[in-house]
Amino acid sequence: MVVVMNLSADPEQINSVQQRLEQFGFEIHMIRGVNRLVIGAVGDRRIISSLGLETMPGVESIVPIMKPYKLVSRESKGESSVVKVKDVSIGGDEVIVIAGPCAVESREQLLTAARQVRRAGAAILRGGAFKPRTSPYAFQGLEEEGLKLLAEASEETGLVTVTEVIDQMSLELAMKYVDIIQIGARNMQNFHLLRSVGRSGKPVLLKRGLSATIEEWLMAAEYVVSEGNESVILCERGIRTFENATRNTLDLSAVPVAKGQSHLPVIVDPSHATGHLRLVAPMARAAVAAGADGLLIEVHPEPHKALCDGPQSLTPEDFERLMAELKLVAAAVGRGVREMVM
Amino acid sequence: MVVVMNLSADPEQINSVQQRLEQFGFEIHMIRGVNRLVIGAVGDRRIISSLGLETMPGVESIVPIMKPYKLVSRESKGESSVVKVKDVSIGGDEVIVIAGPCAVESREQLLTAARQVRRAGAAILRGGAFKPRTSPYAFQGLEEEGLKLLAEASEETGLVTVTEVIDQMSLELAMKYVDIIQIGARNMQNFHLLRSVGRSGKPVLLKRGLSATIEEWLMAAEYVVSEGNESVILCERGIRTFENATRNTLDLSAVPVAKGQSHLPVIVDPSHATGHLRLVAPMARAAVAAGADGLLIEVHPEPHKALCDGPQSLTPEDFERLMAELKLVAAAVGRGVREMVM
Amino acid sequence: MVVVMNLSADPEQINSVQQRLEQFGFEIHMIRGVNRLVIGAVGDRRIISSLGLETMPGVESIVPIMKPYKLVSRESKGESSVVKVKDVSIGGDEVIVIAGPCAVESREQLLTAARQVRRAGAAILRGGAFKPRTSPYAFQGLEEEGLKLLAEASEETGLVTVTEVIDQMSLELAMKYVDIIQIGARNMQNFHLLRSVGRSGKPVLLKRGLSATIEEWLMAAEYVVSEGNESVILCERGIRTFENATRNTLDLSAVPVAKGQSHLPVIVDPSHATGHLRLVAPMARAAVAAGADGLLIEVHPEPHKALCDGPQSLTPEDFERLMAELKLVAAAVGRGVREMVM
Amino acid sequence: MVVVMNLSADPEQINSVQQRLEQFGFEIHMIRGVNRLVIGAVGDRRIISSLGLETMPGVESIVPIMKPYKLVSRESKGESSVVKVKDVSIGGDEVIVIAGPCAVESREQLLTAARQVRRAGAAILRGGAFKPRTSPYAFQGLEEEGLKLLAEASEETGLVTVTEVIDQMSLELAMKYVDIIQIGARNMQNFHLLRSVGRSGKPVLLKRGLSATIEEWLMAAEYVVSEGNESVILCERGIRTFENATRNTLDLSAVPVAKGQSHLPVIVDPSHATGHLRLVAPMARAAVAAGADGLLIEVHPEPHKALCDGPQSLTPEDFERLMAELKLVAAAVGRGVREMVM
């Protein structure tokens, strides 16, 4: 950390800052510029915010130098992590495609979708049972009934399953029925929930909050890992910007940035990010070309009847075509696409 | 709602859209431009998203015309709502000041702060017992112990109290000890929690999410009110933008906008928005001049020792000075500042 | 356009709005909802803003339905435009790579760079002679001397050239020496300059402003085309968001969106968007996979000695490697990469 | 500046960085943490970007510590600057109100507006003669004819005048007819134009770009002042964010931030920022309460007939009412409002 002192800081003020830093175990380096004193302080980055330095007389600003996360950092572990769920490995050589409907709506809808996405080559089935909806008047999910249908679909097709949880109760239910626990964008900083999934030991798919920096996203992952659960998959799903031609702005640069700063696998959700089915395929191809370890894609047997996110859901035919394209792009960047052996 | 058809939409496609709208009870108006057909549809705004119109062949886009919220809208209730908590009224002629430390840290800290802010004229005491923190390594709050201290401080000083809850468990605890339940920015779209505080019947202070539009904020309030709880106080606390000279960008225009579109009272939190103590006073004065019904201000007996948000906390002396300034600004816009009778 | 009337609008107010619309040649459709009147108005979108409807008593809001641009729209011209410059076609089957240093710094630097990028397969040489710099103390470009060096490099290597202009004077100079005129992000809404390049007849590379919506970007292109110059190449180069791990946020979704709404070719500049050389290659590959018609890439013979944008410049070796990767990705999406015949 | 080295940086790499810094006159401080070396470097902040340090092997990142501007900084000049134009002082005890129409449309319109705003107490008349418009089909201004009308209005009413220039030609014309030269938001980084107004010696009203950080805004002012022209007035006019209930988001915190970091006066334009006439008065009052030195307000004799920005223009009656309110708010913060002696 660097403490920048005011031009007018007097020796007594400088002394107080120095004492406070030393009291907390920081090693001090005084750097005198032409007009100004700057104090380099070596110590535990994680306690900076509790030192109250910004409020001390004579202090102009604090500039942190080190990253605030540790366990998830690439520096703490040089090789990339691979998250294994049953026979599926996320973060290895193969690109993994997760597909299925936004919400589980009925037995027929989910089983049909599961068979369709499996046939096209998806490795993991998605489906929401607890739906956070902007409007209190919109469909909110089938809850436990939806989870049971996911388990049934998994048993029939052999697909690994993932579903979103929104609180302690839904987490406990989901742990009984599905393989991967998803934390949605709106809950990325629901820290109690992060700790709970950390303690659960289940693999976690952690979506980036729609106004979260990459650093905050990695700090959220740090919450999970700090509870002993290293099976975290990061998922970029668009950030909020001024542009309104798309639902959110898919930040594909976040893929190489996050993979550079962390050892965790990173996947991309082009469906929620763009909100338009015509944009899903080009952004899915781009994500693979940018180095994503997987994709999360909404597919619905009949998108125009979907209770949720119909406008961005692919038909099964669209999805089959996309899978063929993805194999070509993956091959172009030296990877394969994981496919179920039928 | 207006359905904009493609230039190339054929009669059969137009017919399908028309049938689907009529099937859901919409009244249809065909508007033929020079090149293009536009369909005006009168009906229930709240079911638009479940019609799947965007995915129908021949449809270019859907333009909603009406607002998606109803109960919280100014149109549903012309006069401004006043939320009454004990003898304090929020949303009436008087500006209400809520003050206190970011986190309850100890009995001495909280009682000292309570006495200081009461003396300076605050009507409500704030203090966090459950702290959502970006870092898993930071202080996370005293939990129930903190709530008990708030109750004790209230009993001694007569101040109404407010504290943040973060899930079902903390809500149940907080309901036993404090007067107003705060939903923080990170939980603005935690819809289960919104329903729970709606059912609790307790007055709710609802912070705007840091990337929430004003419309989404009002939709979050609609969740609470739709459960029968009309005592909702909106709180603007800054939005996330590219500017990094301040922690967030305080969107003061949101005060007249929200008060124009809704009958609910609106207060402002300049402490979290700016993140710098030197900016708190000017932004607090500006909020009152813009028409805010109240303020939420962090005050700590010893900011440099604060475990949380020290850099933006006012000293008791700063706060006294600010209260004097606020009375002058409130008077200039035809209002008073609520003060406790000692 | 749709005019939404207030709940309380009276017949006289409605009548005034109707008269004003009819006076300007709009055809009127009255749509009565349960509580509210909405007026659909068919007419010239381009004069809406001069009608003053928003200020008329009884009017709540105006909702435009049609796009404000016309000449650049996909609807006005179904097939994609191909911009031809000498023997290079931008917007056809082949992906075009533009490469070279941020700034022309010296004869040796530019000629070396030109030979290197030509050898690796670039079709067009870039180099800045007029540099808009955030700081008045930074290098501002070689001006006409730089343009002469571009012309010399073109003559030697056969490469087409592009350079940025910043005002009338630099435009007039550039027209004498280079093949394509670039309008930088900061000048995207410098409307006099847009008209001037429109009248110049020279091919124009139009960068998106860093806070411009896609609609505003297309309106800027409309300025150029409305002067009779149809040779416009759109260039996405990142938008400003809250994320600061990258210089800007590359909005790759803008590629399929702009190509859907307009017939103009769209290229991508991953160098300026990301600001980090390690991110250039993954984002360049992603751009091609998303359907971009070309790339604009900074390459410098010795990046650590660059007077401008060194941190994002590729070395010639990096660039050669990238070109090889791009050919594979282009092939995967059914395209080639244009290469000079040596 | 602080140079953060990679964990794996070797002695040779460290040595190269050290040599390069010393070669450019920087004084070096080696700070060894537990795992990592950090190099503190004291020297000229303005040449950092030309050192190419980010591209050197072993370097992880560069963290600048000092501000990049100098002449406009509060540190270079402790007391606040007062810009004097004829008998009007901007930046002193009195709040200055600039008012008038968005565009000069006709002799009658401008003279009527000038008399009306003078009567209500405005000190400076605004009116656009060169209008940068998003659409090529919108009214673009009366150009020199408009400037002559401003001069005539000034002669009749005694009001100081301000108008926007957009390039060299309009600047030269404006210098003959008006008192203050405005640089619009879209030209805030038109660096040649900034230099030209700097050399002109005329007082400059510099609007903040809609996606400019406060630091970039001050750098733009530095361009003007570095040419010897210290008469710069900063004007906050809203930044672009995701919120679309207002045209832009008025960043009132920028007032105390800019006044803290710079000695230049700061005014606020609530008309362009909000885009809605109902929001102009509350935001104008808030700006004064936040410490703004003045306001820029659009007033039109007949807003519904305005050729430009009618929806945000106040009527003369609205403006008179606002002036009365502003006097009360200014008094509450210990200031007056400058008024013309009739």
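Note that the chains take the letters A, B, C and D in the order they are written out, and that residue 1 is the start of every chain.
Everything that follows uses one rule, which is that contacts are C-beta pairs under 8 Å (C-beta built on N, C-alpha and C of every residue); 3 or more make two chains touch, one makes a residue touch a chain.
Just so it is clear, the structure is predicted and the values come from calculations on it, not from any experiment.
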item	value
B-C compared against B-D, more contacting pairs	B-D
Between chain C and its twin chain D, rotation from the CA superposition, multiple of 5 degrees	180
Farthest-lying chain, centroid of Cα atoms versus that of chain A	D
Averaged-CA centre spacing for the pair chain B and chain A, given as whole angstrom	26
Gap in Å, rounded to a whole number, between the CA centres of chain C and chain B	39
Mean-CA-position distance for chain D and chain B (Å)	31
Junction residues of chain C, two or more chains touched	211, 240-242, 244
Touching residues on chain B, where the partner in the complex is chain C	2, 4, 7, 29, 31-36, 38, 40, 42, 63, 65-66, 75, 240-242, 244
Chain A - residues contacting chain C, complex	211, 213-215, 239, 241-246, 249-257, 260, 273-274, 278-279, 282-283, 285-291, 325, 328-329, 331-333
Chain C to chain D touching residues, read off their complex	46-47, 49-50, 52-56, 68, 132-140, 166-169, 186-187, 189-193, 195, 210-211, 216, 219, 222-223, 226, 240, 276-277, 303-308, 310-311, 313
